[in-house]
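Each structure below is given as structure tokens.
What follows is chain A paired twice: with chain B in the first complex and chain C in the second.
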Partner chain A sequence: MNKASARSVRDGLTAWGFSAPYLLLLTVFGLIPAGYAIYESLSPAVSYTGESHGSVGLSNYRTVFHDFRFWPAVGNVGLFMVIWVPVMVVGSLLFALLLHEKVGRFSGVMRLIYFLPGAVTGSAAVLLWYFMLDPQLSPFRSQLKSMGYKTGNDVFTAGHLAPIFALIAFTTGVGQWIVIMFGALQSVPNDVIEAARIDGAGSVRIALLIKLPLVSKYITYMIILCFAAALQIFVEPTLFYSITNAGSNWWSLNQLGYSYAFQQGQFGQAATISVVLLVVSSVAALIFVRRSSFFDTEVDS
Partner chain B sequence: MTAVRARGMSSAEKSGGSGHRQPTRRPARPPVTPLGVLRLLVLFGFAVFCAVPLIWLVLAPTKSDSQLASGPLSFGSFHRAVLAWHHLADYNGGVMYRWMLNSAYYSISSVALSVAAAVPAAYALATMTFRGRKLILSLTLIAMVLPATAVVLPLFLEVNAVHLTNTAGSVILPAAFFPFGVYLAYVYFSTSLPKELLEAARIDGCGELRVFFSIAVPLAKPVLALLIFFSFVANWTNYFLPYVMLSNDKAYNLPVGLGALISGTPALKPASGGSFLPITYPEAALAGLIVVVPIAIMFLFFQRFLVRGLLSGSVKS
Partner chain C sequence: MTLTLVRARKWRTALPAVLTCVALAIAGCSSSKKPSTNAAPKSDPNATMTVWTDSTRQAAFQAYQKANPKTKMKIEVIDATTLLSKIQLANRVGSGWPDVVFDSTPSDIASLASPLFKYAQPLNKLVPQSVQDNFATKNAACTLGGQLVCLQNDLAQDVLWYNKPLMAQFGYTVPTTWAQYQALGVQLAKDHPGYLIGAAGEVNLYYDFLWESGCPLATVVNDNEVKINTADTSCTRVASTLDPLLKNGSVSRLSPFDPAMTTAAKAGKVLMMPGPSWFAQFVMQPTTSWSIPNGKIAAAPIPTWDGATTNYSGAWGGGIYVVSAHSKNEQLEASIAQWVATNNAYQVTAPTYPAYIPAAKAWLAALSTNKFFAEDPSSVLQTAAGLINPAEAATRYQVTATVTSTLVAAVKSGQTIASALPALQSQLSGLAQIAGYAVDTK
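Then we have the complex of A and B:
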């Protein structure tokens, strides 16, 4: 063995040594559960008496896709995404561009105010927005009443759930993205903006034609993360159902997976839901990783 | 409105006069344009929309149910807030204290483990070439954008197979897997850590561990703080994983406890039947506030830092 290869072996061992704790976590809590979900979803369903029926294969997928609850859950989650993601993209860009028009203390204070609602997430967000949307308790009661809502029962209906969850997710998440987009805008070179201004472009044109394209990779990243976050919605529909009786225990896909596992004891079908979520989000993630240059760093070039 | 405009103008004048302030992009701006007024209206309107719910939440525990219905943004009394706290503390034999301790215990342990595992891995990925590096990077990127809860149910089966459900470890260990942290630290190390510095130290006879601990880690302080922040926020607010892993209510963290409190008591649904529990609107709001306050403090503490830190890594690439 010559010196150079001895050195590269030693370097390899050092690198693996540094990565070992993370690799262990990646394997035990990332790869194994993902692999186990695939294995479980392909194994035969188990009946209540404990005997397995059907053969190894796609029987769990057949059961899940024919379940009367599956497609409505897909529809609910899809509707929630269709409302939330565009509002989120347009909203965070709009506020970041408006704040970036004039950078100073005022825009700093505004960013902090927009960021703070992000502290209220999950069950706390459900609690807070239950109050905010109840026409008898809400500080926005006059607005709610002018929209024709007089009691909580008028607001908390199954048809309103997707927009309500979109509203919660928007107020919780938008501040963080305004901060990120604003930071990205700061990296737009000043002389480019000055040059455009000298050429006679107004603020709106500069924002749309110069600033926006320069932050486009952040927009892709944001859409993917929002998509993944929307796909896994669980706590909001679960708690809203138990408090207001609007919706069901299988409003979202994750809720359906939970019912399979803990109400019906059908782990194979619960695993099938996990696999569906993983496949859909992996496809989105791969498209994103391939299409954007977000993850290119100096090391790879 | 006029006060705001005046303040905006005076700050513009100040920055025009002295060079040490942040440079504004346009020194000579016409004082009022319809678009400028519209911009301020939109920004202020949204600020009100963001702030009002939070102010409401802070005020709510000071009021009784009937006061809540009459004046949404008024202050009740400290006495009522103390009473609400006593009711909460007595709830279910003082389980609230357990939830607070559990939340602190789970979050701090997960933060420590996740950062301790992520930083050396990111350092190796950014500064060394070795077989498997590309694969680890790709897996990390994919794990980072996948929904974390998609594997929670199979994870439950895995943890159940080794009889570890209902333990602190079942919540702490899976949450220590932190691909986003590896990515952030990786970008930081590969863009901001001079390779020559590491080489020089090695030539001087420093071992790899010493190079890491005495050069890389001290230089990575800003990104370390960022990792701690993101890991803490994610773990403190974690719901689905503890909800699935823990069936014993004494082991809950605060968000799952709050969920149980508002879905298991008539606090938010007085119409569904009378109860002797003194858990009503103000108590529920106080419980929500207890969940939220540590995160809000983290936000205030880290906010300046966050804008700079988030971008020091990603923008340069």
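Then we have the complex of A and C:
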């Protein structure tokens, strides 16, 4: 064995060593459950009379796609994503760029303040926003009333749900993304920014033409994670439904999956919903990765 | 490096990201196909009896334990909304079933007793017939296909709660028919706008109006067939009675629990409210809720529909005790359920109307001295207890969920109940079929 190949074997081992813990977790908590869900979604459903009916195959998919609850749930989740994902991405970038514009004590304090709402867990945030938005209880009740919202019935309507959930998810989630994006912006070399400034670029041009392109991989990463999170929305609609009766038990896809598994006892159909979510988020992730230079490294170029 | 190579590498390196998504998108689903049938002896005297209850009924089981110190018991308080999930999970792993369950959602029994859940133990032979006969409804809500599969703890029969001094002040008489109720609402909106004779922005629209009218939403024909017909006159008469009252504001579009409703009630605006037996003491009386002062509220029977002879009641609630088909001691678990459902010493202290007649008598005796009421509601409650409309029964689909997403949504958004009846028909039929029922729509 020559020196070069021994070195390449050693490099390979090092690489596997670093990857092993991740691969283990991925297998146990990702691949095996995913495989099981696919298996379960293809097995025949068990009816309430205790017999299995249908055969191994796509009967669960047929049931789910023909369920009157499925397509409205797709629409609801889609609308939520269309509102939330862009607001989240643009919003957190905007805040991070503002904080990065003049790094100092003020910026540090503001970063902490932005981060704080994220410390409120999802369920508590839902309650908080219920109190904020109910015209009888809200500290902003006079403003709400002047906008024509007199009771909870006026605020918590089916049409308002997606924007309300987007608002809740934005306020609880934006803080951590501001911190992450700020961290990413810190990696932009100062001399590049200096050079741009000397060439006559103002703050806006530097942000748009220098900083954003240099953190584009982080943005891709954020979009992928936000997309996957939005697809799985569950806590907000579930709690809002139980408090205000607005929406339903099957407003989102994950709620529908939960109903299948735990109210109707149809694990196969619940697994089908998971597989649908898996396929959609994987395809979306692939598109984003393909469209961006997400995995390009210095070596590649 | 050429462009194609970079591309290929991109795809390969994209794989971990995709796999991460796998991890993100898949909620855990556990294994094991069927629960193992328990072949162990069914009368092990040393078996520990596991009890799942809500916090309110915990006292009942603790009282049993005190009276029977030799019985080994493990009393666990669980979140009622997770009961079906937890039984499902026990089914998946083949162990971990509770022996006795208090379930505050009585319609769950249809699922729990189905061959899919295989949980509820038939009680016909485990509870003496003399005890079975003494339940006000003969345990109708617990009888499926002729089998007794649970015991009723409490009843949520409807009465017409009203503010007695206010009725006298306005010079109105208590309606005995729904036509009179509607006329009263029309009159009230003219004479005293802002006052209320009901609220319909909540599932009570089903329990307190549609159910007592006998609207077939969960009318069980047999284990695999239900009748659902929202075009039936028993449904449309509810809509035609309430829609004008919702429009003129004498019946609120709010939920009785809505903060705005509480504000109105605290201001003394509630003249009348059809509601379940627990409504007075749990919604009207507490200072944290409607905070209605003592000496105002009285109960009248639910009005009768034109052409009907019986003024049936609905039932908003009413808990049940279910025992396990997997228990190590069937007789013991049944006797625990029987004790908590029928024991006077506990039931007298219970917060809700006991389903067991002797216990209910003792409970009403205590109620008759309650200063909250303007007059003793005992006889009205007692009569209504036997009048819960048998048209509606436990089903494996949730009527309330669809009523909420159709009728209640319409009420809350300013539309009519009548306009949402077709949507209720299609959603409910869809749910029923998914739950394995053939739907009879006539």
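The rule is simple: the second predicted complex is superposed on the first by the 250 of 301 C-alpha atoms of A that agree within 3 Å, B and C clash if a C-alpha of one lies under 4 Å from a C-alpha of the other, contacts with A are read in each partner's own complex, and residues count from 1 in each chain.
In the analysis below, a contact is a pair of C-beta atoms (placed from the backbone, for glycine too) under 8 Å apart; a residue touches a chain by one contact, two chains touch by 3 or more.
Computed from a predicted structure; not experimentally measured.
S.K.: Would you check which partner chain A:L137 touches, where first means chain B only, second means chain C only, and both and neither mean what they say?
M.R.: both
S.K.: On the superposed three-chain arrangement, identify whether chain B or chain C touches more chain A residues.
M.R.: Comparing chain B with chain C, the partner touching more chain A residues is B.
S.K.: For A:P237, decide between first (touching chain B), second (touching chain C), both and neither.
M.R.: Neither partner.
S.K.: Based on the superposed arrangement, let me know which partner A:Y36 touches: chain B (first), chain C (second), both, or neither?
M.R.: Once the two structures are laid over each other on A, A:Y36 reaches both partners.
S.K.: Between chain B (first) and chain C (second), which, if any, makes contact with A:F182: first, second, both or neither?
M.R.: In the superposition, A:F182 touches chain B alone.
S.K.: Is A:Q263 touching the first partner chain B, the second partner chain C, both, or neither of them?
M.R.: After superposing on A, A:Q263 lies in contact with chain C but is clear of chain B.
S.K.: For A:A158 in the superposed arrangement: first (chain B), second (chain C), both or neither?
M.R.: Second partner only.
S.K.: Tell me the contact category for A:S248 with respect to chain B and chain C: first, second, both or neither.
M.R.: Second partner only.
S.K.: Looking at A:S281, would you say it contacts chain B, chain C, both, or neither? Reply first, second, both or neither.
M.R.: In the superposition, A:S281 touches chain B and chain C alike.
S.K.: Could you look at A:T63 and tell me whether it touches chain B, chain C, both or neither (first, second, both, neither)?
M.R.: The answer is second: A:T63 touches chain C but not chain B.
S.K.: So which positions on chain A get touched by both chain B and chain C?
M.R.: Touching chain B and chain C on chain A: residues 26, 29-31, 33-34, 36-37, 40, 136-137, 224-225, 228-229, 231-232, 254, 257, 261-262, 267, 270-271, 274, 277-278, 281-282, 285-286, 289, 294-296.
S.K.: Provide the residue numbers of chain C that touch chain A in the complex, in ascending order.
M.R.: Residues of chain C touching chain A: 1, 6, 9-11, 13-14, 16-29, 31, 82, 84-85, 88, 91-92, 111, 114-118, 201-203, 223-224, 253-255, 258-260, 262-263, 396, 398, 401, 404-405, 408-409, 412-413, 426-427, 430, 434-436.
S.K.: Which part of chain A faces chain C closely enough to touch in the complex?
M.R.: By the definition above, chain A touches chain C via 26, 29-31, 33-34, 36-37, 40, 46-50, 63, 67-69, 134-137, 150-153, 156-158, 224-225, 228-229, 231-232, 241, 245-250, 254, 257, 261-265, 267, 270-271, 274, 277-278, 281-282, 285-286, 289-290, 294-296, 300-301.
S.K.: Please name which positions on chain B make contact with chain A in the complex.
M.R.: 7-8, 11, 15, 22, 24-26, 29, 35, 39, 42-43, 46-47, 49-54, 56-57, 60, 68-69, 72-73, 116-118, 120-121, 123-126, 128-133, 136, 138-143, 145-158, 173-174, 176-179, 182-183, 186-187, 190-191, 208, 212, 237, 239-240, 243-244, 255-256, 258-259, 262-263, 268-269, 281, 284-285, 287-288, 291-292, 295-296, 298-300, 303, 306-307, 310-311, 314-315, 317
S.K.: Tell me, which parts of chain A touch chain B in their complex?
M.R.: Residues 11-12, 14-16, 18-19, 21-26, 28-34, 36-37, 40, 94-95, 98-99, 101-106, 110-124, 126-132, 136-141, 171, 175, 179-180, 182-184, 186-187, 190, 193, 203-204, 224-225, 228-229, 231-232, 234-235, 238-239, 242-244, 254, 257-258, 261-262, 267, 270-271, 273-274, 277-278, 281-282, 284-286, 288-289, 294-299 of chain A touch chain B in their complex.
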